[in-house]
Structures are given as C-alpha cells and as structure tokens.
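When the chains are written out, they are named A, B, C and D in that same order, and each has its own residue count from 1.
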C-alpha cells in the first residue's frame, strides 16, 4: 500500500473529493478504524502499523452538492454499525490523559505500550481479556469520533484535530440518530468522517476508545447562510448541544456553554441573562476527549426544558429523521 | 443577629461541636441556604444580605463519636428534602464561569447583578419568571453542595472551598441515597453540611444553583483506618465515584480518574493497566462546579461493569441503605 | 525535639506571637531552611527528616505594633544573608513542574528521589557535584521564598501556600533591598518569614531551590487603611510589581497584570486603557513558582517608564531604604 | 489590491516560493506590519483595514537551497531595523489577555476598540499620546514576532499561529544577533517572516505590540539531520533557549524546560537529573505571548553556567555572527 493508493485522507481540508453526495439522499460509507485496520493482535505495534501522523484515516472528502461556503450544513447519522466483530484499544507511551505527553512533558519513565482486542458479543457487549486472564467489558455503543468539514481560512489540519470545523471531537453522542451542524467553509463543504468507536468513556482517558471500523448512513441538509454557528452544534431527538474545543478544559466548557446560552436565547426569545440562568440550572456537560490537540466539551439542554422554543434550524433534524424512516421502509 | 449567636459555621475546621452524632443512628439536620435565608426577592442585594465571606453557612460541626483521625468516615444521605417552597439564584459581577472573576480578572465592564426567585411546584418542578414575563423551569432534584470534614494538617478553610476534605463540591449526585466517604483528619471528624441546591446544571455555571434550605437525614459509619482514600469517594446504589478538586479543570479530571483506576484495580483484582482500560471505556465524568476556588469533577463507573468486584468499603453503603429502610418503617 | 518546643510555625494564621516588632525599627531574624536544617547529606531522606506538612518552617508570628486590620503593611528586606556555608536541593517523587503530582497525577513510574548539597563559595558561587563527578554551579542570590501575613477571613493555611496574603511566593526579587506590601488582615498583621533560597531559577521547576538558612534584617512601615491592595505588591529601587497567585498559570499572569494596570493608572493619572497600553508594552513577567498549591507570577514595570508618577505608597520604600542606611552607619 | 497581487502570505505552509536564499549568504527582507501598513491613525478601524484572517502578512515563502526535510535550519537575524518612523498598537473587543476571547468567552460587555500611534524618536524611545493628552513611552527594541517554516505533516496554519515550526512566537529575544533553530519539515524549508514589533512587554498582554514594518538581514545555515529538535531553539551570544507553545501556559513552560534539560544534558555530558537541577537553579523563563492560539514560553540558560559544554550546533551561531561581521565591513 502506498500513500497515493490508500483511499483515505489524514487531513481536514486536503485531497480531491472522492465521494459526491446530494442533499436529502442517504449516503452509505465505510470507515476504517484509527489504525487502518492493521492492529489485529495484542502483540501488534501501534506505532509501527500506524505511525504518526498516519492515524485516524478519514473517509472523504465528501462533496455535498448544493452547499456554498457560509451555509450551515446538517449531517444526520441515520445509522452507525460495527463493520467487524472486533475492536482494539491501546495505551501508548507519552499519550493519554493519565500520562505526560508531547504537549505536557515530564521526566518520569514512560508507561509501557499495551494492546487490547475486544470482541463484539451478540449480547451487545464488548469483552476483552486482562493481563491476569480475567474478562472486562463495555456496552457496545458505536459512534464516530471524527466528523468534520474543511477548516476555515484555508487551513489544513491533521485528522486528530478537533476545532470549530468539527473533526476529532470524540463526543459519544455522535451516534445513530444524531445530527451535527457545521458551518461550510468552502463550497460543497468537503466532509470527512471516521474514527469509529464501539465504546468510549467520557474523556477518552487512555488515549484510544474501543476503535473499530463502521458502516454508516449519512443524510445531509442545508440550513442556509448564517454567521451564528461559530462552533459545532448537535441535536438528538431529546437534546440540543454546542461543542467547544479548547485548552485548558475550562475554556472548552466556556465556549460550549456560551454558545448554548446564545442559542437558547434566540430559540426561546429570552434575554441573555435568563437564557444563561436556564442553561445554568439545566445543562449537562459531557467531556468528549482530554487527549487530542484541543479538548472537547458538549453542553446539552433537553428540548423539553425550553419554553415555547422555535425548532432548531427550522426542524431540520426532525425532517431528516423522517427521511431516514421512509428510506428504510 | 451577631456572628456569635448565629448557629452556623463559615469555615471547615473551625468552631466547637454544636451537634453530636453516633455511628449508625440517623441524624436529622436543617441547613440554611447560601444566603442564610435572607435573599427573598428579586430586588434583594446578595452582597449586602450575605457579604463575603459570610456566604454558605454550614450546619456543624457535627462530632461523630467513635471516629478517630485516619479513619474513613462514610456519610449516608438517607433523605434530602426542601425545607421551604422557594429557592433563589443569582448572577453577580465578577463571579461565575462566564465572567471574569477575582482569580481570572479582565478589563471589560462587569455583568449586572440579577436575582431569580424559584417556586417549588407540587409537580416537582421549579419555576421562575424571566425579565420579559416568561416562565423558565428546572426539575426539583435537591442535593447538598457542601459536605465536608475538618481539613487535614490543621488548615481552616472557608465554606466555599472544596478539596480533599470534601466541602463545597457542588456535585449533584450528593442527593438522597448517596454515600460520601471522607478521611477523618481529626478525632470525631467534625462534619459540616449545607449549601442546599434544589436544582443545578453541571458546572454551576452562573455561580449559584437554585439555592434553598434543606431538611436532611444523615447516617454515619466508620470504615476504619486507611491511607488509601486521599480524595472524596461517592457511592450510590448503581455507581462508585472518586471526586477530584483542582484547577485547571483537566487536573480535577486526572485526580478523579486516577483515583478511580486505583480503586477499581483493588476492588476487582485487576492490574493497574487493565483497570485503567476498564475505566477509560466505561467512565462517566461529571463536572461539579467551575466557579469555586477549586473546580470539581467526579469520575463514575457503574458497579455492574466491575467484574467479580469486592463490595466497596465492605458493603458499608448497602448496610446504611438498610438502616435507613428499617428506621423509616 | 517536639512539635511544641520547635520554635517555628508551619501555618500562616496560627500560633501566638513569638516576636514583637515596632514600625521603623530594624528587626533581625534567623530563618531555618525548608527541611529544618536536617537534610545535610546526599543520602539523606527528605520525606523522613521533614515529613509533609512539616516542611517550610516559618519564623513568626511577628506581631507588628501599630498595625490594624485593613492597613497596608510594608515589609522591607534591609539585608538577607546566608546563615550557613551550605544549601540543599532535591528532586522527589510526585513533585515538581516536570513530574506528575498529587494535583496532576499520572500512571507513569515515579522519578527517583535525589539530594544535592551545595557549597557557598567565597567567589559568590554555589557549587555541587553531579552523579558523574562533575561540578555544576549557580550564582549566590539569596532571597526569601516565603513572606506572608495571617490570611484573610480567618483561614489558616500551610506554610507551602501562596495567596493574597503573600506566603510561599518563591519570587526571586524578594531579596535584599526589596519591599513587599501586604494587606494586614488582623491587628498587628502577624508576619511569617522563611524558606530561604540561596539561588533559584524561574519557576522553581524541580520543586526546591538551593534551600538554606538565612539571617535577615526587616523593617516595617504602615501605609494606612486601603481597599486597593487585594494582592501582594513589590517595590525595588528600580521597579514596582504586583504578584498574582493562581492556577492555571495564565490566571496568575492576569491577576498580576490586572493589578499592575490599575496601580499604574492611579500612580500616573492615566485612564485605564492607557495604563493597560503602558503596561502591555513595558512589563516584565517573572514566573515565581510552578510547584506550589498556587502558581505565582510577578508583573513588573520600571519606575522610569511611568510618566509623572506619584511615589508608590507615598515613598515608603525610599524612606525605609534611608532607615536602613542610617541604622548601619 | 487583490489577494492575488499582495506580495505576502497569511499562512505557514502555503504559497509558492517568492524568494530564494543560499546558505551563508545574507538576505535582506522587508516585512510589513501586522495591519499591512494600513492602520495609520487613531481613528482607523483595525478590523476593517485588516479583517481576520488577513492579519500578520508574512514575507515568504523563502526557499533555502541546500536544505532537506529533517535538517535543522539555523536562521540568524543579523540586523533588524524599523522601516518606518511610526508604529501602531491596538486594543480590540474580544481579544487580549485581559479580555474574554473567542476561545475563552464570557457574557460581560466587550471592551472598546482603541488605536495608539507611536513615534520612533531619535533617542531610541517610542512615544504616544494618551486619551488625556499625556505621553507614554517604551524603549525601541525591534524584533520579529513571527519567524517560522512550513509546518510538519502537511498542515497549513494561519500566520497568527505559533507551534513546533516556529511562527507567531512573539518572543522578544528574536531580535538582532539571535539565531533561531527550526526543523525543516520540507525540502528548502520554506521560511516565513514578519510581525515586526518595535517594543513589546512580556506576554503581549493587550493583544498587539507596537507593531511596525522592519528591514531585516537574515543568514541561514544547515545544521544537518536531527530528530532531537522537536521545538524551536534560540541562541544569542550569552544564552541558549528552548521555546514551548501550548495552552495552558504551564504546559508551554513544561515543553520549554523539558527541552532545555535534555539539551543541556547532551551539551554538558550530564545525567538527566543533574541537567534538570542545573536548569532548575539557573533558568530564566520568558513568557512570549498570552494571546495567540498557543501561548509561548522560552526557557533560557546562560552559556557561562554550562560546565565544559560543547558548542550548540557545533558553533553555528558564532560562525554566523562572523559572517555578519565580515559582510558589513
């Protein structure tokens, strides 16, 4: 395999469109795991089979016809399913939230490299074997760690980066049934998707989730021009959320919460102070990752807590839920 | 009212015991709200009725007989109920996660001071009125923002401080049915409780929750001498957790996650690396507050995710749940 | 030696006055090193001879007659000299800026404990011997790591803590010829001094400086009641500074810079925006420590950069410089 | 003027080489100020004349012949002189260390936008006029805020970004006589230079320095292939330094200090622990900026503190100092 023939991208904002999509038409994609499917045993070498920066291969770019730069693109995850019956997780030296890292170095001896192979059970559980022959498990809850568009202002970023353009967010709510809203920075948006996670605790503390290949069905909608969506927004049937990407972690919370206060203020016709109060007494904060170049936090509020609210993006999420339902009948 | 006659404390580690408790015997306490019950209308002046540092009055010290310094004290919240039919929240200049503060100052004009009075509805909802005459709400979920013991090493800390001794944690899981484990730093521990919250979003972003007076029933147990509990631990029927207190916020996560990894390792007989992996793929991280002198994060894992685990603290939580049930029959 | 008879304090805000001082009258004090003089060889055990929290013994409390709570106390370091011909530095597990710590834990193996003994040379150089038999050195520049008063609001803090009351600041400019301004929180202020450093790089990265006992001459002045000095201020013949104590480190910078902008605005009669500009183009930021419970940063500006400025605190520093000169003739 | 014809770049890693340079041959370049020379009066509109991201125009790319990817490129600033007799500084809403920002938002009212025009005096002082008709000043100390190469791994970054490839470092020691060492990530390195500062306090707190156009003479040298220089290094006649770029600020210190400890260890043949100790007792930490996407800190040590040290990069700096001297005779 050469870099040229490998059908994935390792950057947001690079590469010629490999896939074309139309608004409202379901698109099925396969995404490789973060090790390009090459880490298959506990004696595998993560940094040899997937040497940095060739980690996190992205399916894309996907050119979405009918989208112009400045439009808000809605990306609905109609379905997200494991494409294999195994996943893989690792601990590596100089990586993870409980280790010194390149950006937070120390003089201690490094932690050892370890690989776990997880089996996908028919009971919806992931299981793996420990060093002392025990079994540990996690529930199967597949989602995409990475979903983004070409970055603003002509930047090109590695596939491990999350920022205002989405990217390596690692927010576990990016699962089947969710809609992500991102500002298209270029015409046709150029969408990149990958980094399937079969399970992940908050923060992705060890540095990897249970990584696995996914089969995913996407639906796109165009919410029109807007200057009001500087950060990724997320919607599920029950909640709306804003995602902040920053270091230190408190700044990611501030971005997310500030964005949510502003959004709630507009949806509900509340003054900023009252929207602040509503969010402050009702929000759920989820830490996506604590290991990427920027940390991520999503600030959620339940729709039923929003008094007399307009529908987010004119009901785009609900419409796409409908598309999905009719397309699968 | 003078400081001498006011029946509350504003410090952890100060004051003579006002209440004596026995292990295993339910204790009923009343706790005032953080404004000492004196902020009763939207034109009230928070900083006049409760000038810093006379905020967050604490019921205590409670001397727990039969506890020595070095023992791990289990504090079970058997019941937690609103003592009034109203609560209060505020936004103040130079305070809160979405404002510059004393410890994070800026040169912008300050935000205005605002007060909201919330009504406790029979439907289990809190409601308040907005500036433009609308109603916003939050579900009634009462818990204690503050629960702590005398600090280690002879320190005396203000009632707004959270740290290894517990204190102003603002973790919403400290509600009825939960057990908090704290290392007693002095004989009889000296317990302080207060800062009732009728509702609070993650992070307590605006700086106050819906603050309210509470009637609470506590039960104490002694888990014996241990050097293994440097940070607060929490247990509910479904989960165990470790709470970290630090700035920046990522350090609070690290403390909590590191503590949980070690605890899981011991309970389950797993090597540290496998416990790390189990936690990393399964944990829930909850941001308690982002406004106190130290930020707080609780790292949770569901008990049913722990293979062949010993009972935490030899089943202390379950025993106290039993005490509670029998005492209320 | 028992704790009772040991003539030092390990807390700010605790203990009965051991020394009384009068305004304007030079006071000579001896301060022990942070290991109480008991770490005397490279095979010594820091954590055995000075187990936490019995590190950083403080000379004091010094009651300063004629000072009331709310007064600004000026503490002039008239002279600061090594009291021994050797100093000591260490690296310890789980401590220092280039190691995981209690408040920033990781799962890596810990770094080893090491001790260096430094000789004070007649050439004004400190020298020590390395593991491979080489010599490394640092210039002798003695200063006090710790200088503080009783904390505000009745708190009692360990001797390793820096905050608004001064304390374990570890700012190397606290050397002979400097004046520190602190708000007295109680009558007679109760001053604590110690933690002599013979040399220290910025940040005290390894966790200890070249620690040594000092003989010091202090002079006190009372600058009167003021609400304007919420954080420590520092003055030398050439510069004025404000010291911020916080985590993360950028917040310490913000406190220091914000305080200096406000001070310059008043001294020079400049609008806040212009003072901001003057400070921004002229300030020197010094990182004191990156290892204490709060990090410290001092923001300095040269007096000659201040146009038509009033004298800081009505020339208190210059007057005390005069006292010193006349007292030594 | 159109974007096409404007002879500057606004990204590191983009554009075709505009200038070619040879190793050892002095190259003279002109660099525009960060507002492209278009902010000329106090009633100017920074965000109109230089709308984001068209700030910080960079002279380049400069292709350095004889440099391959993986080589360490030495860039010597032989001379750095103001190209105009005026500079400009600003305060803008939502920018600067003493304001909320896009990455650290708050709900307070924004600060006002203000512009200062500074005159370069024959006495080597910069002066400007305040709102109340006074004069404030700063010493003329010109340096380049931005000096970098094409980023690693194919990324393209905005001109305001500092990182391992150098870039918008804003470290005031990048003045005449200094040498910056950067790893070339592509053949011919592609060097970008700009963001002249006539003066700047540590941290660039207000968000801009005294910004001005510069005439600069550069000399390049190739130090050969190395994996040992992951972060920018700096050398002057008296000191060596490593520059870290990160948030929070303590992580920038850690990168810089960790890098310096490793460098000192190799130059002096000291074990890592002894190098750690030498650096810890002797280093100077300078905060470059506290306003860019990553904060920057340089950790310095004086060469005369390094026992029996090898010359950094085999004396490259000294040789280029010689080139400069001979070329100007």
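The rule is simple: a contact is a pair of C-beta atoms (placed from the backbone, for glycine too) under 8 Å apart; a residue touches a chain by one contact, two chains touch by 3 or more.
Values in this document were obtained by computation on a predicted structure and should not be read as measured data.
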If every chain is reduced to the average of its C-alpha atoms, which one ends up farthest from chain B? D
Hey, which pair has more contacts between C-betas, B-D or A-B? A-B
With chain centres defined as C-alpha means, what is the inter-centre distance between chain A and chain B in Å? 32
With chain centres defined as C-alpha means, what is the inter-centre distance between chain A and chain D in Å? 34
Rounded to the nearest Å, the gap between Cα centres of chain B and chain D is 47
Provide the list of chain A residues touching at least two other chains, using ranges where the numbers run on. 98, 105-107, 247-248, 254, 258, 261, 276
Applying the document's contact rule, which stretches of chain B touch chain D when the two form their complex? 98-100, 105-111, 248
Per the touch rule, the chain C residues reaching chain B in their complex are 10-11, 13-14, 53, 102-107, 152-158, 230, 246-248, 251, 254-255, 258, 261, 272, 276
Which of the residues in chain C end up touching chain D in this complex? 89, 91, 97-98, 112, 114, 116, 126, 128, 130-132, 134-138, 199-206, 209-210, 247-250, 253-254, 257-258, 261, 268-271, 273-274, 276-287, 290, 295, 305, 307-308
